[in-house]
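What follows is chain A paired twice: with chain B in the first complex and chain C in the second.
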Partner chain A sequence: MRKYLQLAKLTFQEYFVYRLNFYLWRFRSLVFFLTLIFFWLAIYGDRLDLFGYQKAQMLTYVVGIAFLRTIVLGSRSADLAMQVRSGQLTKFLLQPIRVIKFWFTRDVVDKLINLFFVVLEIALILWLLNFSLYLPQSLTTYFSFVVLSLMAIFLYFFISFFLSVVAFWTEEIWATRWLFGIIFLEFLAGAYFPLDVLPSWLTKIIYLTPFPYLVFFPMKLWLEQLTTHQTAQAFLICFIWLIFFWWLSGFLWKKGVRNYQAYGG
Partner chain B sequence: MAVKKLIKIWLMYTSRALQSDLLTTWAGVLFIIGKIVRFLLFFIFLFVILSAVKDLAGYNREQVIFFFLIFNLVDVIVQFLFRGVYHFRPLVVSGEYDLDLLKPLPSFFRPIFSHTDLADFVTLVPLWGYFLWFVFINHLFRGMGDLILFCLLLVNALILGFAFHLLVCAVCVLTTEIDHLVWVYRDLTSMARFPTDIYFKWVQYLLTFTIPVIILFTVPAKALLGLLSWPWVILALVISGLFLWGSLRFWRFALSKYSSASS
Partner chain C sequence: MEVIEVSHLRKNFSVFQKEPGLVGSFKSIFFRRYKQVKAVRDISFSIKEGELVGFIGPNGAGKTTTLKCLSGLLYPDGGSVSVLGFQPWQRQPEFQKQFSLVMGQKNQLWWDLPPLETFLLNKEIYDVPQDQFNKTLNELVKLLEVEDILKVQTRKLSLGQRMKCELIAALLHSPKVLFLDEPTIGLDVVMQKKIRDFIKEYNQKFKSTIILTSHYMGDVKELCKRVMIIDKGQLVFDGELAKVVKRYGQNKVISVVLAKEIGKEKLESIDGLREYLYPQATFLVKREKTSQKTAEILEKLPIADLNVEEPPIEEIIRELFTHKNYR
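Here is the complex of A and B:
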């Protein structure tokens, strides 16, 4: 455990070495957040209710996107693919650490640092634009939201790890991640807009994928727009996908390491 | 003659970039699929939203989609032409850029034009086709005057795009940082995916005078819709001119500080 704490400390220090990169990254996140806020403010105008969302609920959803993008979709494990392709992975295989724990530790540090800044940014925007957020009435909702978000964090980690492990078999690591880990994942996760504004035939298909359980369902839970049955269903499907990607990433990792030839290393 | 020579060299660069891309055909296919999927999902989203609310910042559904199409057209053309910027950092870090400085070419030629992206070209052709069909079917084309003004402002937007990419290259020479800066540009420009009238006035000022996203995307779109006043046309040309002048000056300054440290 102590070595992973040391790793967390080193990762933390790393962020303050490349400060410009970090500030630019935060600026980019802020621009994205602001664009969505302005878009929905313009769409609502004087309207109070649209697509089954009150204005405060929709703006809360956008704030939720900024928050969940940071704690769920924020990740460093994408770098594993580069290590596999460049041969740098060899070094980690020879060290007394578990690679999956190594990357999870780095992910957690990334999420914590970004969380600190995103909370400040959200507070600043709320203060500047002066709009109110929707807060759940029931304590159970807060608890359910935290549990589903934690499951989403693990689910995303295993999806990301799986996409990185694919690097054992293909050179097109960036293209694969860009298509499946960014374009498909972010749209279908509801990280741009609530999925239920889309036609219902399309949302039914999307709900079958693992992606809506990363952002959309945690936010629907927060907005108290799910029945008990739908909540249980969301937890169950998220759990099944979590188990599946945990197994798949572990299975492919073991197979990949056996095939690994460390060229470039 | 000089332009003819540069076009010939650009075609050689493009041919080599194409050969390089064809080595990883699968990656190219994935990128093209990703671009199409992103376009379609945003399109469906806008269509659904605007079908329900009828207008956004005073624009009807067809006009909002028109802005979205113009955004995609200009964005893809800029990416297609100036993709070399994404490949510039390794040249600076390795010191290989020294060799380019010895060649009888403008110093910015390779940094900006060295890697024309075929995946962008592949998406550009059907996008233009759909755009023209959309404009005519929805009667958004008002007359030859607007069309000529649109073409002029489209060229102006490309000059501005060039100036911004040159500025990024100059920063790269000074700091070896480029990736995040280019992505900052991409994120800021994506604010013009929707009509920029949706933003607060102070945001619109920032998007006109600091990073002129409005000049890049909104101004050509408004020109074709016949919604642009002459002061805006003049402002667009002046801002682009100033931005180009500033970028070229900054580029020369950056080159004077280039130390070829790693070579």
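Here is the complex of A and C:
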């Protein structure tokens, strides 16, 4: 355990080295966040209700996107693919350290640092634009939101790890990561807009994929727009995908390491 | 006790072949040709505890591939490998805690942080107790004279400084088995000497088993009693370095100092002239013809001084790799 703690410390220190890089990243996230807010404010105009969302609920959803993007979709494990490609992975395969835990540790640090900043940013924007968030009534909602978000964190981690592990075979990763990561994943996760504004036949299909459980369903929970039945179903599907990607990433990792050619040197 | 045992090791790679140019790239999207490269074909050897073995061969001979199989990076396609009683490719932590691989062209130090941070991380990764860590680190730092750079960002270090720190990072857990893949690559002669001395001392002090590959014969000459020569994935020689000279050194070098300057044609009339720069000239002659040639030279040329020597080991190896005349 202590090795991963030490690794976490090291990762923290690295962020202080790349300060500018980090600020620019935060700036990009902030701009994205503001764009979404102003977009929805413009669409609502004077209306209070649209697509089944009250204005406060929609703005809460957008704040939720900023928040969940940081703790769920934020990830460093994409770098694993680069390590496979460049042969950098070699050094970790020589040491008594689990590569999957290595990357999980680094992901957690990344999420913690970004979380700190995103909370500040959200507070700032709420204060500047002077609007209030929708807060759930029941305590169970907070609890299930936290649990589903945690599941989402793990689900995303395993998906991301899986995408990186593919590099053992493709030796080229940006295409898959870009296609999945940006287009499919973020769109289908509901990281741009709530998915239920889409036609219902389409949403039914999307709900069967793992993606909406990363952002959309945690937010629906928060907004208390799910029935007990829907909630249970969301947990179940998310759990099945979680187990599936956990297994798949582990399985492919073992196969991939055998395929690894330790380039360079 | 045998620490490393390798028997009939084989390792192939399939390499994707791309035709040059844009058209080639385009073709390769739809149609790819793979070529089987036999990096290691049937190698067997064993190494005892405390031995320091030199592993030499021309580029692409299979040295690094063999070392990678020994350290568990590569999964062998055939044969068996045992290091410290473990099968390396299973990568058990108990095994990994007892060996290290240092690659001169790869770094394990964290690029953006000072070397000390990597050392501290390795301490935790290898479960090195605090007092042992302090003791080993102090010793290594003193031996390699790097006190003042431990807290400097790795990327700001010179190659030599970095190499020393790489060695420290690899040795903090006092590995019993050490694979050094060109540890002196790109270093100046002073630094090469220091690293060599250090390796020698480490080997004697800790009775560790070391395999060293290097393109500098100097490294091997100074450090290793036993050498293994590998070419095209096959072991062609395994034995004492001195025997390489006996077995492959078919020639002797006769070097002379001339008493007065003469034309090159005159020298060339004697077979085997290798170099002439007045007043020095050297001849390379067959071992068994040495005395006959010496007599001929003394008779034909105005000689001030004459010496018969063994050719340098570098030359014997170069000859060997060029003509691939392994016997």
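In this section, the second predicted complex is superposed on the first by the 263 of 265 C-alpha atoms of A that agree within 3 Å, B and C clash if a C-alpha of one lies under 4 Å from a C-alpha of the other, contacts with A are read in each partner's own complex, and residues count from 1 in each chain.
FYI, contacts are C-beta pairs under 8 Å (C-beta built on N, C-alpha and C of every residue); 3 or more make two chains touch, one makes a residue touch a chain.
Remember, it's a predicted structure, so these values are computed and weren't measured experimentally.
Engineer: Between chain B (first) and chain C (second), which, if any, makes contact with A:L226: first, second, both or neither?
Structural biologist: It touches nothing on chain B or chain C.
Engineer: Between chain B and chain C, which one contacts more residues of chain A in the superposed model?
Structural biologist: Between chain B and chain C, B touches the greater number of residues in chain A.
Engineer: Which holds for A:L248: it touches chain B only (first), chain C only (second), both, or neither?
Structural biologist: Touch partners of A:L248: none, neither chain B nor chain C.
Engineer: Tell me which partner A:A8 touches in the superposition: chain B (first), chain C (second), both or neither.
Structural biologist: In the superposition, A:A8 touches no partner, neither chain B nor chain C.
Engineer: Answer with first, second, both or neither: which of chain B and chain C does A:V17 touch in the superposed model?
Structural biologist: So A:V17 only meets chain C here.
Engineer: Between chain B (first) and chain C (second), which, if any, makes contact with A:L112: first, second, both or neither?
Structural biologist: neither
Engineer: Between chain B and chain C, whom does A:R258 touch in the aligned arrangement: first, second, both, or neither?
Structural biologist: A:R258 sits against chain C, while chain B stays out of touch.
Engineer: Tell me which partner A:W25 touches in the superposition: chain B (first), chain C (second), both or neither.
Structural biologist: first
Engineer: Which residues form the common part of the chain A surface touched by chain B and by chain C?
Structural biologist: Correct list for chain A: none, the interfaces share no residue.
Engineer: Inside the complex, what are the residues of chain A that reach chain B?
Structural biologist: 20-21, 24-25, 27-28, 31-32, 34-35, 38-39, 41-43, 47, 50-51, 170-172, 174-176, 178-179, 182-184, 187, 192-193, 197-199, 202
Engineer: In the complex of these two chains, what residues of chain B are touching chain A?
Structural biologist: Interface residues on chain B, with respect to chain A: 24, 26-28, 30-31, 33-34, 37-38, 41, 44-45, 48-49, 52-53, 56-57, 175, 177, 180-181, 183-184, 187-188, 190-191, 193-194, 198-200, 203.
Engineer: Over in the complex, which chain A residues touch chain C? Could you list them?
Structural biologist: Touch list, chain A to chain C: 2-3, 5-7, 10, 13-14, 17-18, 87, 90-91, 93-97, 258, 260-262, 264-265.
Engineer: Under the stated contact criterion, what part of chain C meets chain A in this complex?
Structural biologist: The touching residues are 13, 64, 68, 71-75, 91, 93, 96-97, 100-101, 103-106, 108, 110, 112-113, 117, 120-126, 153, 181.
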